[in-house]
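Look at the two complexes coming up: chain A is in both, with chain B in one and chain C in the other.
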Partner chain A sequence: MTAPAAAYDKALDLITRVRGVRGAMLVSAEDGIVVAEQLMEGIKGPAVSALAASLATRLRRAMEAAGVGASLFWHLQAEHGALLVVPTPGGTLVVAVAEPDVNVGLVRLELLRAAEVVG
Partner chain B sequence: MTTRAVETWTLEPLVKFVKEAGARLVLVMTSAGQVLAQHGFSRAVDVMSAAALGAAIMASTDEMARQLRQPPFAALNHQGERHGIFLAGLATGRGRLVALVVYDLDVSSLGLVQLFFEQLAAELQAASPKDSVPKQVLAADFERQLSDSLNTLFGR
Partner chain C sequence: MPDEIKTLSSQLAQDPDSLLFLRLGELLRQKGQLDAAHRVALTGLERHPHLPDAHDLYARILADKRDYERAFDEWDMALRIAPDHVGALKGLAFLYFKVGDVQQAAAHLEAAQRVAPDDPGVAQALAMARGGGPGGGSAEAGAGGSAAAEPEPIAPAAQPLEEARVFAGLEGAQEGLLLLDASGRVLGGALKDPSGRDVTDAVAAYLAGVSQEAARTVKLLGLGRWTGLAAEGSLGHVHLAPPTGEALLLVVRDRAVPMGRLAIIAQRAALAARRWLEGGAHA
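Here is the complex of A and B:
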């Protein structure tokens, strides 16, 4: 059963409450379109979602080729921030955009909780 | 895969779009179906069919929007099992143009096509000749112009 939009908002709210998180999104992994978002000004949601979904497709193929199964969590650290993603079994990506010094463990926990809500 | 243009100002933005969006086939045409540039087509007959069908779809949706008293729809996407078709209008100094994009779902996605289409539209707008009045295609000239365009598009 599909979770209602309010549940999506609540899940994103829990992610964005973590200090250092600048935004969170639910993205359709298949088409790279934003399903729900809570982003700070200046973050280009459609661009992040399209490129994250494209990356997810390539990573999935790499994981399959390596024979290590589906990816559960990825953390891309950049100079000025980080992108953290949890793919759900239903084909949604739970994405967080964060400051470089964010508590990665805490964000990961909230992303996994959100992924359970989204399914 | 080759990219060719009848109007050369369309070439660079189109080449960039194809590379970034991972598009398989692209047509840039006027709303009447006159092709200005193409990527990926190997046969003239396919270009002619795709341009005619794309222009007809745009004309239908424009009319639907008119009947709903709305501005024309920005874009249309059809998603199949393996391919997606994205059709959208864009404003340029050459008048309103239409882009028809076919993408493989294995290689690209609607999000990527939409994202890079915005760049394509901006770059075509910037590159287009300013203050140019679109030439009216007369029935008498149509076949010759079509033949000239296809010769350019397929390097004959």
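Here is the complex of A and C:
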């Protein structure tokens, strides 16, 4: 990943300005380490990023084995919110934590835009 | 009948907005010309989207084509428009029979009987559902005119749920639905890749532990219980859901199936899986 810190901030800004998004992170898909974050207070970034990366790895392998190709976007739904993730070709996960009533389509769009910025 | 089809086709061509498509579509269905019936019904439905009979006709054709999920949607839509629609009530009862939910099937048939107490098809199907009817039935009898040019035995009371087939009657049960336990052991269903190769075990292995990880992740975020995981792939979509505890349900479809529709398919499959798991059928 070669994007400068300003590009990370720009990428995260794209996501966090969407209403209902509680925070966003860039995570290294390989080791689950936080690369950059804009999270609301109380969200345990490092722990969430580690689990998100692990889930992403399992999911990617399962999807490839199932013949549905590379994972472009995934959305973990829960009773009181959601985790939305776009993997980038460069090995970064662009992650958003959102309220349950967030506009998923809009967040997906911004995650994809952010992924382009990050590369 | 061929003359009537020709006449109706001609009249419909002259007056495309008329309701003749209902009769024409039904005749074509009865004759087994399902593709033609499908086109007629769909065109009629586009012109009359709020007509419950149009949804009912379309559902019967879909059921004959064994596209039960979409048939369910259409009958469900007919009932939303007209809650007492006998055809839709019978159609849904038929589909509930198909998945072994005799209770729901009987409830829909009882509702149909309240609306049409003299309908012999309803009475016959209800008797079967309650276990007092003939030993073999047919989709025609069970759904009261819906589905199947060739009678298909459903014997709902005698065959409540095929124990070995958790997803019996659901679309893609042998190629796009998978039920796993927490350790990745396959409990039901099967998975094939686009080339037709069986990939059940490989996918199951990769998904072992996903349910627990998803649960930990949302717990860490204070988001309560996880309810599903939808993923978009370059060639297809997948949806994961926890039917019970740590069991995991996977639904896979190609990209032509929208994510929202996939979620509905997953909900139904999860319901079937939950009933099966709670019934201890896999033990």
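The rule is simple: the second predicted complex is superposed on the first by the 118 of 119 C-alpha atoms of A that agree within 3 Å, B and C clash if a C-alpha of one lies under 4 Å from a C-alpha of the other, contacts with A are read in each partner's own complex, and residues count from 1 in each chain.
The working rule: a residue touches a chain if its C-beta (ideal position, glycine included) is under 8 Å from a C-beta of that chain, and two chains touch if they have at least 3 such contacts.
All values derive from a computational prediction rather than experimental measurement.
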Overlay on chain A: chain C relative to chain B, clash or fit: fit
So, A:P46: does it touch chain B (first), chain C (second), both, or neither? first
In this superposed model, does chain C or chain B come into contact with more residues of chain A? C
From the overlay on chain A, compute the angle at chain A's CA centre subtended by chain B and chain C, rounding to the nearest 10 degrees. 110
For A:S54, select first, second, both or neither according to whether it touches chain B, chain C, the two together, or no partner. both
Between chain B and chain C, whom does A:E30 touch in the aligned arrangement: first, second, both, or neither? first
Overlay on chain A, chain C to chain B nearest C-alpha distance, Å: 10
Would you please give the residues of chain A that touch chain B in one complex and also touch chain C in the other complex? 47, 51, 54
Help me check something: in the complex, which residues belonging to chain B touch chain A? 79, 105, 108-112, 114-115
Which bits of chain A are touching chain B when the two form their complex? 27-28, 30-33, 46-47, 49-51, 53-54, 57
Within the complex, chain C is touched by chain A residues 42-44, 47-48, 51-52, 54-55, 58-59, 61-63, 65-83, 97
Which part of chain C faces chain A closely enough to touch in the complex? 191, 193-195, 197, 199, 202-203, 206-207, 209-210, 213-214, 216-218, 220-238, 250, 252, 254
